[in-house]
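For reference, chains read A, B, C and D in written order, and residue numbers begin at 1 within each chain.
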Amino acid sequence: MQEMQNGSKLMTASEAVKKFVPDGALVGLGGQNVGRCAMAVVHEIVRQQKKNLTICGCNLSINMDMLVGAGLVKRCEGGTGNLEYFGATFCFRRAIQDGVMEMEDYSHLAVISRLIAAEMGIPFMPTKSLLGSDMLVHQAASTGKKFELMDNPWSVGDQVVVVPALSPDVAIIHVQKADEMGNAVIEGFLAHDVELVRAAKHTIVSCEEVVSTDEIRRDAERTNIPYMYVSAVVEQPYGAHPTGAYRYYDYDADHVTQYQKCARAGGEDYRNYLETYILNSTDFYDYLDKVGGIKKMMSLVKNMKTML
Amino acid sequence: MQEMQNGSKLMTASEAVKKFVPDGALVGLGGQNVGRCAMAVVHEIVRQQKKNLTICGCNLSINMDMLVGAGLVKRCEGGTGNLEYFGATFCFRRAIQDGVMEMEDYSHLAVISRLIAAEMGIPFMPTKSLLGSDMLVHQAASTGKKFELMDNPWSVGDQVVVVPALSPDVAIIHVQKADEMGNAVIEGFLAHDVELVRAAKHTIVSCEEVVSTDEIRRDAERTNIPYMYVSAVVEQPYGAHPTGAYRYYDYDADHVTQYQKCARAGGEDYRNYLETYILNSTDFYDYLDKVGGIKKMMSLVKNMKTML
Amino acid sequence: MMDFSLEELTVIEGSRYIADYQSVFAGTGLPLLTTLLAQKTHAPHLCFVCETGPISPIVLPTPLSVSDPRLQHRAVRLGSLKEVLGCMLQRGIMDVGFVGGAEIDQYGNINSTVIGNYRRPKVRFPGSGGANDILSHAKRILIITKHEKQRFPEKCHYITSPGYISGADERERIGLTSKRPPITIITRLGIMEINPATGRFRISKLMPGSSVDKILAETGFRPEVPDYIEEVAPPTEFELRVLREEVDPHKLYMKKV
Amino acid sequence: MMDFSLEELTVIEGSRYIADYQSVFAGTGLPLLTTLLAQKTHAPHLCFVCETGPISPIVLPTPLSVSDPRLQHRAVRLGSLKEVLGCMLQRGIMDVGFVGGAEIDQYGNINSTVIGNYRRPKVRFPGSGGANDILSHAKRILIITKHEKQRFPEKCHYITSPGYISGADERERIGLTSKRPPITIITRLGIMEINPATGRFRISKLMPGSSVDKILAETGFRPEVPDYIEEVAPPTEFELRVLREEVDPHKLYMKKV
């Protein structure tokens, strides 16, 4: 586990990715669908071309799809690749159908169960999901022992599935507030983020704003993640764009739609997207300017405010 | 599980105990040591003389000791009976030594693990605690299968203990705020209360103040327990006395000391305590007047305020 | 008689399977509309939960995602996947769960994962998400879907989420939490429900203008056909008005069935 | 030379076993004083956690309970038993844990449960609490206790919390998370630490005025006695001042050793 460094963990996304996302890493992604995905850090991974990644999580969304589309992912392990109303995660779908990437399927609860095993320091966790499904029949070529059936010692004939602990090398999440020690506050739904972070060996937290540790200490019940799990804090306003951050800004349906158009088309269209918005952007502020700048961001903020 | 009644669950402690604490019940107690014990509801159980109870929890404190001292408990199941600086839980100690009550020992983490199994709807939970201890050697006479040793299927030779789900018939906790639907907000440490409630078949929540559901909805990240787990809401200011409620009032060290003196002495002294403060009190307000009334409560409130 | 579309009636009929005070697990799209319609008509106290963590929100029109802020609005609790999938669903206190899928077979098994070889599929779908968990643990399952022959095969290419697997007793035998949940499919042609005696679908109601023959023609497996099949009741004016004005005012979903 | 009591020196010596940036699990009483002294002297960044849930509080004098509001003051997180015992301790990221007990045997096993028959004990103690979890999972164990013969038997009547059980390799063999944690006992007579080669205690330091013979006379088991034993360094003026003025200003604990 990372050091209990109490000092500042503030750094740029570029530094955080250099330090904590090696080639071949098992990367856990927080957020879900169009909410609170750590896009600024994902962009940086694309810019630094980290290779042979395995991506894990429950719902794997545009954050995963972008890494897959950039050719950086050899394997996914999770519950679903899906953008709901906005369609499939097209790069994910294509990569699997083309045989260039593996997917290992679990249900969302089975993934959560695996994260709970890891956060609790136990080797496996029982679940009553998966029984009777083909997730217990088929598995990816590179997967070892995917599960084990066990008898319930307290009830003859009752069977449970046990699934192994899942401990990412690095978890990457986006939150609303963090201090420079790494204490983090999530607003709105939590999805699987808290378990993911506690399960991981390192965590990069990007945040809308850095607040003082005094502010954290004044409302300590609201701290979702205490600092000892966090290795890097990246301050990046609108850092989840085009996904949203509850109480801060709505998701950008226009840009998600634009991404999906390119992802569905693939080939030249998708390469253009990556080049225009990520590879040829110096940093995430540069990207934000390209996707509509302050005017666009203010409209997303305004949308959110009408919903509070 | 209890109905999803959205309507008001507000009732008196007397009604709540009548409805949800039958003789012979497995009762889970929230709070810890001198913090946030649901004393008003415990008093009511003593007044109604509910019998043959089994008490479970992690730290079993003055709340448990009072039920044991009143002769209502046949068995405890938990991590410890203990009041730290204020001494042992003397009724508990005496009842075990006299052979009139059973105790089944687990470590605190093993109890938490059992509650997690129950809240997650799985029959057991692995832990790496208990290994090498006599908690795996000795058990109470009425306990069935206490644990099972299992091999870790992912690592040859690695052993884990699995402990069975623990689902109390009723959990009894005290919180700072609740609405009449049963949504509850805990301030300060959580101890094992959230897992306990989600594991239980019914829950009685006593609270310092009933707030509107609108207030709950305005700050939904702060809701520790959503209403579907709650069967009864009891409004009782100072309802944890002589234990404390964070941000509301300090514990009453004088009264805890007085209780401990009686509990240590046992016999006549203890019966006098029960009669004076509980059996001959019409309700918890009556008790509060006897232990110092408004003046005493205000001093505990003031103590707390100097610490915020 | 009012004008209404069959799309509208599928949602309205679906809402009738939800009773007041029930807990309902739904994603976005038609399941959400159905849940909200029930809430705004006959089930004001239902508890809607969404897998990302919101519990009992006062939903704003119209969420496009389970992560949508419109689904988080004024929730009584903004929780986690663990709380919803573990501490409610697997815990056995979820009354109703909605699912969908690329294939739904005669036993109610659902495929939302692959067609073809698992490791090199012809078609890759999104995967389970919470669907396997819902089918495993919810007390009642509702499915609102298109009625197409290839969507209803005799046997799924891959079972993502278990219905009755291969017979009435199979769920109990393999140890699923909810032993014999009613599973109901609602389409523009009619309603099919699992016969608890066989674990197979039987036609239970016809939509206006539909017939047993039409259903059989558009269903890959052969559903059981009872002697008497009632017709789905038409929408009340109240149901239609609430659906159109309050539940999907921007017509984001109703055109898509 | 300053005036100081041996009680004060046990706490001061204990604090020297805690390094900066370490996570420390402690209850109230001397363990808490020791932790706070370390924090206010040489380990300003240590992370103190308390089993009820507070993480890194700015402790106010003087908590009497792990549920004390003085222990919750300005924490960075007010969490739960699960978070502290599960997600830190069993997770393997707790550097130091304090325990105590009615009996501590030659292998560092601890009894805080019963003397006599488990079902009808002669003496009943509080039970494990978090102690079994600390001994099972913390990377280093500290024990500050009275030095009395009956407290240090050859073999505990009941093992509540496992030390090295019956030998150097036993912890590893039975699968405990922390394989060979240093276990250190600090008393008014001296310091005993587990010899990792044997899993048994050996005397490592003498308190002022103590001797090997005094320790052997007051210890029920026979600790290993190395050739050279150093003396515990006396308190610095700084240590003493911080202990007296900041850590236990009301003298609630220091008189009790």
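In this section, a contact is a pair of C-beta atoms (placed from the backbone, for glycine too) under 8 Å apart; a residue touches a chain by one contact, two chains touch by 3 or more.
Predicted, not measured: the structure shown is a model, and the values here were computed from it.
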item	value
Distance in touch steps, counted as few as possible, from chain C out to chain D	2
Chain pair, A-D or B-D, that carries the greater number of C-beta contacts	B-D
Chain whose Cα centroid lies at the greatest distance from that of chain D	C
Between chain B and chain C, centroid-to-centroid distance (C-alpha), Å	40
Chain A and chain C: spacing of chain centres that average the CA atoms, whole Å	28
Residues of chain D engaged with two or more neighbouring chains	54, 72, 78-79, 86, 89-90, 137, 177
For chain B, residues that touch 2 or more chains besides their own	113, 116, 120-122, 127-128, 158, 160, 187-188, 221
Pairwise chain contacts under the document criterion	A-B, A-C, A-D, B-C, B-D
Residue ranges of chain D touching chain B (in the complex, touch as defined)	27-29, 50-54, 60, 64-70, 72-73, 78-82, 85-86, 89-90, 113, 118-133, 136-137, 158-162, 165, 170-171, 174-177, 252
Complex interface listing, chain A residues touching chain D	1, 3-7, 119-122, 181, 183, 198, 213, 216-218, 220-221, 223, 226-228
Sites on chain B touched by chain A in the complex	113, 116-117, 120-128, 144-145, 148, 150, 152-155, 158, 160, 162, 164, 186-188, 221-222
Of all residues in chain A, those that touch chain C in their complex	31-36, 58-59, 78-86, 88-89, 92-93, 96-97, 99, 102-103, 105-110, 112-113, 116, 127-135, 138-141, 158-160, 187-195, 243-244, 246, 250-251, 253, 304, 307
Contact set on chain C toward chain B in their complex	21-23, 44-47, 54-56, 58, 72, 74-79, 86-93, 95, 137, 177
